[in-house]
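So that you can tell them apart, the chains are marked A, B, C and D in the order they are listed, and the count of residues begins at 1 in each.
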Amino acid sequence: MEKEPIFDVAQLAHVEIYSPKPDETLWFFKELLGMEETGRRGQSVYLRGYEDFYHHTLKVTEAKEAGLGHVAWRTSSKQALERRVNAVKETGLGKGWFDDEDGHGAAYQFTTPDGHKMELLWEVEYYQAPEEKKTPLLNRPQKRPTRGVPVRRLDHVNLMASEMKPNVDFMMNQLGFNLREHVRLNNGTDAAAWLSVSPLVHEIAMMGDPLGGKARMHHICYWYGYPQHLSDISDIFTENGIKFDAGPGKHGISQANFLYVFEPGGNRVELFGDAGYLIFDPAWKPVTWKEEDLEKGIIWYGSPLPQEFFMYGTPVIDHKKAANIG
Amino acid sequence: MEKEPIFDVAQLAHVEIYSPKPDETLWFFKELLGMEETGRRGQSVYLRGYEDFYHHTLKVTEAKEAGLGHVAWRTSSKQALERRVNAVKETGLGKGWFDDEDGHGAAYQFTTPDGHKMELLWEVEYYQAPEEKKTPLLNRPQKRPTRGVPVRRLDHVNLMASEMKPNVDFMMNQLGFNLREHVRLNNGTDAAAWLSVSPLVHEIAMMGDPLGGKARMHHICYWYGYPQHLSDISDIFTENGIKFDAGPGKHGISQANFLYVFEPGGNRVELFGDAGYLIFDPAWKPVTWKEEDLEKGIIWYGSPLPQEFFMYGTPVIDHKKAANIG
Amino acid sequence: MEKEPIFDVAQLAHVEIYSPKPDETLWFFKELLGMEETGRRGQSVYLRGYEDFYHHTLKVTEAKEAGLGHVAWRTSSKQALERRVNAVKETGLGKGWFDDEDGHGAAYQFTTPDGHKMELLWEVEYYQAPEEKKTPLLNRPQKRPTRGVPVRRLDHVNLMASEMKPNVDFMMNQLGFNLREHVRLNNGTDAAAWLSVSPLVHEIAMMGDPLGGKARMHHICYWYGYPQHLSDISDIFTENGIKFDAGPGKHGISQANFLYVFEPGGNRVELFGDAGYLIFDPAWKPVTWKEEDLEKGIIWYGSPLPQEFFMYGTPVIDHKKAANIG
Amino acid sequence: MEKEPIFDVAQLAHVEIYSPKPDETLWFFKELLGMEETGRRGQSVYLRGYEDFYHHTLKVTEAKEAGLGHVAWRTSSKQALERRVNAVKETGLGKGWFDDEDGHGAAYQFTTPDGHKMELLWEVEYYQAPEEKKTPLLNRPQKRPTRGVPVRRLDHVNLMASEMKPNVDFMMNQLGFNLREHVRLNNGTDAAAWLSVSPLVHEIAMMGDPLGGKARMHHICYWYGYPQHLSDISDIFTENGIKFDAGPGKHGISQANFLYVFEPGGNRVELFGDAGYLIFDPAWKPVTWKEEDLEKGIIWYGSPLPQEFFMYGTPVIDHKKAANIG
């Protein structure tokens, strides 16, 4: 018999990012992207989109430089949490349980082989709207904000890795992610991979870091689901001095209707403007983008991505310095 | 320990509908909805949307009256198929294996308590595009058609049941569906339920049949994912004499951006115009729409549904006759 | 030689409405529709959309009951103003010059035969954005607001008349409006007419008042130009308790993608979600909707309009009382 | 008294383009853009969009190389035609009356100073839909086609000129066009100008020809009015091998939601995806884009235009050869 799929990780629960300019970063997420603040603790502020169901999906922590704090995954049950923790422990990458965070119960901390900090958790605190934010739309946890062009929910995270294979293998073998699409170079290695535990094409993507950085973040992505909202927020970003990286445009890979900008703290943020496509096939064969097919994969229609798109991550690596490293 | 969720049914694989006017029905699905014909056998024609990956998602079979042929579910593995077949067998509703169909391997046939015909299957035949329909968008099984306003994929099926509880329980207990939203009447019974095995709010909905019919179909739904396409197809439907039932509009329940029309054979067809919302929470608590909240649930904004929406299903029941039955 | 068209009236400049609840009315226009306040004077507040170029397009004046204050038309030149004033004077409906208003120069006041107050003017004050609202989009008078779902510009006004013909004739003969579309009843009279001086299908519509009211207003309309924004504002209207009249939907007449709601002061407000169609043909023959074609004209696709749509105007007429009048 | 505006030219009536590959050019316009063929004569085929009211808006004529045939303007009356013909005659650029064309009456032929062939005409033939194409949408001249992603109407033409000033002056002084926006270089000359006789920002744009060509065409533009349709047609263009020039994107200038591709004959074609903004102000002051503001004017958000955008026109000029000319 063939091995059955693992269903133990259910979803991307939240992401923590570091910002050297927390006030400006919060202005970006709250005033332009319409996110809601749900708490503060130490140097951190908790935020969520208006259709995020839990206490928070974003934690912004003041730090000397931009970058990834950690990525948290929720399992599909308490037992599933135990199984995945055990699987992680076997690799020696586990760091132990942590039980003093707002918004969720005990989380098991670990890193990817490259060093990205991650957590697995089961117990979560649901957001409870105060009376004035309650909506008759009972499947929505709160009213739609009337600030900015409000994002609906956290979609995915994209991480850069100094070496692809061990990190992709780790996500697949220890956590049960499925490889959905990947870029296969002529030399037989992968330049990028999109992985998911749900019908989304990815909750996590991994890209090789051409500057040889360790554990850098490429971007986090929030979701609109409506293409018009990428035009709307682009209008507002342009008029409010937000720096664009690329888009709005359409990737072939994952069929993402993308927009990439830099939040004032320096982290790249993607907004996702349509529904992409969903994978329900339980025996999905990964889509392989070879070098000769890649141009349409990167940009299905629209303008090419800038070189910076492939180089820039947070923490930022100085290109000159990188020339000596990479 | 709490019981873990069942992940054995992976997706809605295809639906068979009966049509007394097969030529007109095919014209509707092929010329207006841009679907592709992939085969014919006996009195049946096989169709798929351009982002449906398998041999077919719709089988149109000539018959004396409109109605549901059957609904087929694909499991998440061969082992999962065995487990679900065993679970169905325990209920006495199993009918046995059938192994002579185009597009998939052996299917286990059974009925819901109400009598809707269903199948469980694992092996499927993937659609292979001929050279002239191959697309450089490698995650799309064929080029986007240039006929009509082409639908992308099958989304869900909505069935009417003479009695709700045994049928909903059957879907949950035997097949592992999760209750996502439901309408709870003041008398404590459910008038409608939306169930899924994936982050979609439903692959199947069930509604009480006010005319007391058995095993009727309310509608099948194909998916666009872009609101504009509901306007586009509405233009074309109106100019081509297609009868509207309701919409375009927005349900509160499931946040569906809906359009309901009748294909020329008499079956109701829904087109789904946006991404709705997706459920990633593995411990999702069903959203309960009580009678006092229901108005916004049925129509979040827009015009009320016509009475016919709640009464009409296929096979069609004559209202006068029904008055004596119901 | 045929008579040449008159090009003397150039555009709808602004509308004044009365509100018995000015604070709530202002909240509606400013917080939900993102309009900008540009001044206050006496019991009046001046507002504009972010792509309205002049000092104001809406004047909200506190009054005992909802209704139309006045409608102001800008001419295409100083000479054109004189010509139109002379044409109005000939009818005996002129009231004289008024030169003490914010935002524009001397205006000639008059009424339609039914009694709707109107003005003709040439000199206008352009809106000057303060430094923090200046945008690099030089054809936009200010930054797009980040409040609500901001409307772009005033589109048209729709007035009810106790008798159609004299009022439509007045707009055409005295002011140079072109009849673009009209509803022709079997008895040979018009039930409604859409008139314009530009390629827009209408800057003004007139509808017969079935309650026999005099000089009532049916609605004013602001313009988005993007269908998604009708969905967005519908979400926000529903969650903020705004009463809907009809839509979102699509009229056949004028191809308008409409949404009608009541602002808290009681006036009906339309939001216009797409570009409709434009009339560039200088010899346009009016589109005539006869009774037998009218259903598709009123609703091209979507749900029928409620009866209230045809009866309700401001000032509000009590239906019972109306039964004796009408 | 100030001089009053001229209202003599009413609209862009049609454009003739040359194609060395007429079959492929017709496939592009008919199968992908859903245009309708309304006649053939000699080496020419007549086409129109489904909301174009006249016999044709596009004439495709077989020729050795791609380029502009001619541009035809309809006046606002018979008298207006006479006035404009007289104004043109004064410049010595008139060529005389021509009265043997399908779809319209006598046309007065002339050229711009740069040599672009143009016509003025008054009498037009209206398109009459055959029974099977008649639509209940009475303001639409025929049913919406179910082929490709059908364009609605001709929007504008963009011409390149070896020298800007005499050509822009000619359009303004002889034909009554209004300057709406222009690019003003630091040396005091204009690099580009957008002119119109209606609230559209332009029925004609003129750009300096950096290769020193004479009377070249930059592009013709057809109009959708819905942003989604640029995504839809981009999908289809990509899958059908159409070469993209730029977009989908958003110009600051004119607020155009653009997409530029090359039809198989080599002419650049723009599709216009939204409503842009409209100019109703009769005293509009041209928007001046200085070099320091220009970046946002060219691309409001999205990726920069390729260099080719500014160089390529039809007839095509060989760049090397051009290096000697320009």
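Here, a residue touches a chain if its C-beta (ideal position, glycine included) is under 8 Å from a C-beta of that chain, and two chains touch if they have at least 3 such contacts.
What you see is a predicted model; the values in this text were computed from it and never measured.
Select, from A-D and C-D, the pair of chains that is joined by more C-beta pairs in contact.
Most contacts of the two pairs: C-D.
Matching B-D on over half of contact pairs, by residue number: which of A-B, A-C or B-C?
Repeated interface of B-D: A-C.
In whole angstrom, how far does the Cα centroid of chain A sit from the Cα centroid of chain C?
Centre separation, chain A to chain C: 46 Å.
Could you give the separation in Å between the centres of chain A and chain D, each centre being the mean of its C-alpha atoms?
Measuring from centre to centre gives 44 Å for this pair.
I'd like to verify one number: the distance from the centre of chain C to the centre of chain D, where each centre is the average of its C-alpha atoms, in whole angstrom.
Their C-alpha centroids are separated by 32 Å.
Among all residues of chain B, which ones touch two or more of the remaining chains?
136-137, 226-228, 231, 235, 238, 296, 300
Residues of chain C touching chain D in their complex?
Chain C reaches chain D through residues 1-2, 4-5, 7, 10-12, 51, 53, 74-80, 136-140, 152-153, 181, 198-201, 225-227, 252-255, 274-275, 277-278, 280-282, 287-289, 293, 296-297, 300.
So in the complex, which bits of chain D are touching chain B?
Against chain B, the touching part of chain D is residues 31-32, 135-137, 143-144, 146-149, 226-229, 231, 235-236, 238-240.
Under the stated contact criterion, what part of chain D meets chain A in this complex?
These residues of chain D touch chain A: 227-228, 231, 234-235, 237-238, 244, 246-250, 257, 296, 300-304, 306.
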